[in-house]
Amino acid sequence: MNKIQTDIDEAVAGIEDGMSVMIGGFGGSGAPIELIDALIDRYKRTGSPGNLAIINNNAGNGAVGIAAMIYAGMVAKVVCSFPRSTDSRAFTERYLAGEIELELVPQGTLAERIRAGGSGIPAFYTPTSYGTQLAEGKPVAEFDGRHYVQERWLKADVAIIKAEIADAKGNLTYNKAARNFAPLMAMAAETTIVQASRIVDPGGIDPEHVVTPGIFVDAIVEVAEPAQEEALLRAGAQS
Amino acid sequence: MTAKLSNAQIAWRAAQDIPDGAYVNLGIGFPEMVAKFKPDGREVIYHTENGVLDFGEAPPAGEEDWDLINAGKKAVTLNPGASFFHHADSFAMVRGGHLDVAILGAYEVAQTGDLANWSTGPKSVPAVGGAMDLVHGAKRVCVITDHVTKDGRPKLVDKCALPLTGVGCVTTVYTSLAVVDIVNARFVLREKLPSISLEDLQAVTGAELVADKVGDLIVPEV
Amino acid sequence: MTAKLSNAQIAWRAAQDIPDGAYVNLGIGFPEMVAKFKPDGREVIYHTENGVLDFGEAPPAGEEDWDLINAGKKAVTLNPGASFFHHADSFAMVRGGHLDVAILGAYEVAQTGDLANWSTGPKSVPAVGGAMDLVHGAKRVCVITDHVTKDGRPKLVDKCALPLTGVGCVTTVYTSLAVVDIVNARFVLREKLPSISLEDLQAVTGAELVADKVGDLIVPEV
Amino acid sequence: MNKIQTDIDEAVAGIEDGMSVMIGGFGGSGAPIELIDALIDRYKRTGSPGNLAIINNNAGNGAVGIAAMIYAGMVAKVVCSFPRSTDSRAFTERYLAGEIELELVPQGTLAERIRAGGSGIPAFYTPTSYGTQLAEGKPVAEFDGRHYVQERWLKADVAIIKAEIADAKGNLTYNKAARNFAPLMAMAAETTIVQASRIVDPGGIDPEHVVTPGIFVDAIVEVAEPAQEEALLRAGAQS
């Protein structure tokens, strides 16, 4: 079993127009910049993959990562909890122009919906958002005298995530808080594509320290010194 | 009674259909035997409910680590690339459809794909384990079983009489006489022992066998 | 307008009520200031939504690790005993009631404990983050806020006019003029600045203040 | 912050008559034998804590651990998935005599109910058990054309679990497959009491390798060379 691919363009070649794409990261930590760039490059070259639904905590910052996807015109919908950032013009302009659809989801509900998607749980109840605008139209139920909102699982066609160490069987670790949504997205997507800073032989990750077991991973490319989105922004990256 | 496959031969036959690279859960007991017959050159990654992926064979007697066991509480070893995780993550793998194949035993399988394999009725202490989860988890849910009960009654039936493990969940049944797919709530006979006639096979089967293209079930001595 | 506490003083006052050994989440922005005023000798363990428990102060400029940030996307450091976990586990801590205290900002707080702090209406891009989860997670949900809006209208109200973050969720409000508990859907005045009369305080408060035993709100220059 | 206790009897002193007690372990792996023994000792001495509801995957084996609790007469109810073992006479006899109540829960549902209890999710839907006896009386719903059973969260007054390494702040690691239900139970119990094979200073566990963050743990006792239930049974342990 060898899930390692050497060509990053090939690794994302299966991502097609209209797909839903979960993208790891919380702000800049965990953003898989090189995988995103491979998608943008193909879109600029071929006009595909466009019309994407992006699932991430945020909606891009500055002109890199998800913001660059939006500027490129590939994004039709964003599912996120917090579409604001230090410079969220890319999203804001398209959103206010009615060119991008937004599904706003409370952060914990977003995480739990993705976990549910990966865990075969089609729906669950949460106290979060009960009595608010974000619960409008959703079923409500009472348990033990308290009210809860029913939320549905969230799955995607593809997840692209950034890991620290990977082995050929797909086992992953992450770097610090860059872990965030990635282990959940790996579970919830039909196909999970990983960029890892380092690839080791199977057994090179202690079985006790594996964060994402290989069963959730389909393809891995090594990106030895990955860009860090926040560092790029602070260095003044332009689109 | 006509010639029939041994349990080892049934396990062998089921093992031939596990594709290279598959993630597989083998139920406690008889299904564990399937691992012995994995065809050479294929890599199979085994999952166990109690939180281990990619475990290997049993250790030599005396070298067991009883904190490293499978769902049947038997000591196992690890392959390179193994991982540990807690029970909720383990059943996320199951329920979330991440396993390619689950292989289970059965008391009865109905032509609708219903499975009864956890309870023989109200007299004993009931115990379900992970069976009810596994039948809804894997992409293919396979059953290995003798074709008939010890007293000769069909185990492939029109409708299960025993308490159900799951509804409409079985994909394929490997028996001592035949290989049967379940397609659109019908038993579709894929292979049968050359030594048994279709009529005789139908006679020990509790619902109609659809028999359009039937191959020979040929299994080596194992 | 009468004398009022600065934001730093409000944060100081809120910090005094955090017990030793508490697990605490501080909302983005103003609430982050509370950490500065933790009383000496108390240990507080901070949680951030993006998967870190027991983080410490900001690193010196130039030494930031941008993979080690808090929910406000600011660089942090780790205390000994810190841990990383994914977002679902992080919100299990929140929603599961494992935090002792959450401190948030507010546009409006109603006497029923309703909070509005995420949206000022339909004109801008909506953004909710973790606020709607946090208000249902911690054992105590505290708000720190100026007592009135910039144009002098009460922020403690009978009923929120702005979109709600949560229903009946706020425990205590620390304002620039007072400390107010919410008990049985009433504002119970616990402390007020000695320099303001109860009548004047009531005049800038949008619902009745229950004022049975009122202490002095005394805060040092900070 | 120091959650370490030196006296194992004191660590379990808060467990009272009638409480629900989650006990880590799957068969013998992860069974907190010394914590259980401390409870049994107190019960034999004082008649308390009795009338307990035990939540575990199993219902005891031989005459050690949970089986010893049952033989001692402390157990009124067992919530588990598989009350059979190589020697489950302790449970079987009391159960058939009508002296112990059994709530049988499919294993994955048991795990998910406990996780839900720890995560503030009062109910969720699962395909597991749909159309079976174990779903009788439970609400059913259809999502995307498939049927699911609604299951409720499961919480407990106390969890007693076995860890490998702990620090004073309560961070834990486990030993191999002894992890099983323990991280979930630590989340779902009002009070979580841990026996750890080794205690290190805070920082002694790499933050990337913590399995149970300290927020879920209330008390830790060091049991340097813990008994292993299966090994005890094979050595012929008697009650």
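As written, the chain order gives the labels A, B, C and D, with residue 1 at the start of each chain.
In this text, a residue touches a chain if its C-beta (ideal position, glycine included) is under 8 Å from a C-beta of that chain, and two chains touch if they have at least 3 such contacts.
This is a predicted model, so every value here is computed, not measured.
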| item | value |
| --- | --- |
| Furthest chain, CA centroid comparison against chain B | C |
| Approximate Å spacing (C-alpha centroids) for the pair chain B, chain D | 30 |
| Averaged-CA centre spacing for the pair chain C and chain B, given as whole angstrom | 56 |
| Where chain C and chain D are represented by their mean Cα positions, the distance between them in whole Å | 36 |
| Residues of chain C engaged with two or more neighbouring chains | 84-85, 88, 91, 94-95, 136 |
| Shared interface positions of chain A, touching two or more other chains | 112, 115, 119-121, 126-127, 174, 176, 207-208, 211 |
| All touching chain pairs, where touch follows the definition stated at the start | A-B, A-C, A-D, B-D, C-D |
| Chain C partner contacts - residues on chain D that touch it in the complex | 1, 115, 117-121, 167-169, 171, 187, 201-203, 205, 207-208, 210, 213-216 |
| List of chain D residues in touch with chain A within their complex | 112, 116, 119-127, 141, 143-144, 146, 148, 152, 173-174, 176, 207-209, 211 |
| Contact footprint of chain D on chain B as seen in their complex | 48-52, 65-69, 73, 84-88, 90-91, 94-95, 114, 119, 125-133, 136-137, 163-167 |
| Sites on chain A touched by chain C in the complex | 26-30, 57, 81-86, 88, 91-92, 95-96, 102, 104-112, 114-115, 126-134, 147, 174-184, 211, 228-231 |
| Footprint of chain D on chain C - complex, ascending | 21, 23, 43, 45, 47, 53-54, 78-85, 88-89, 91-99, 136-137 |
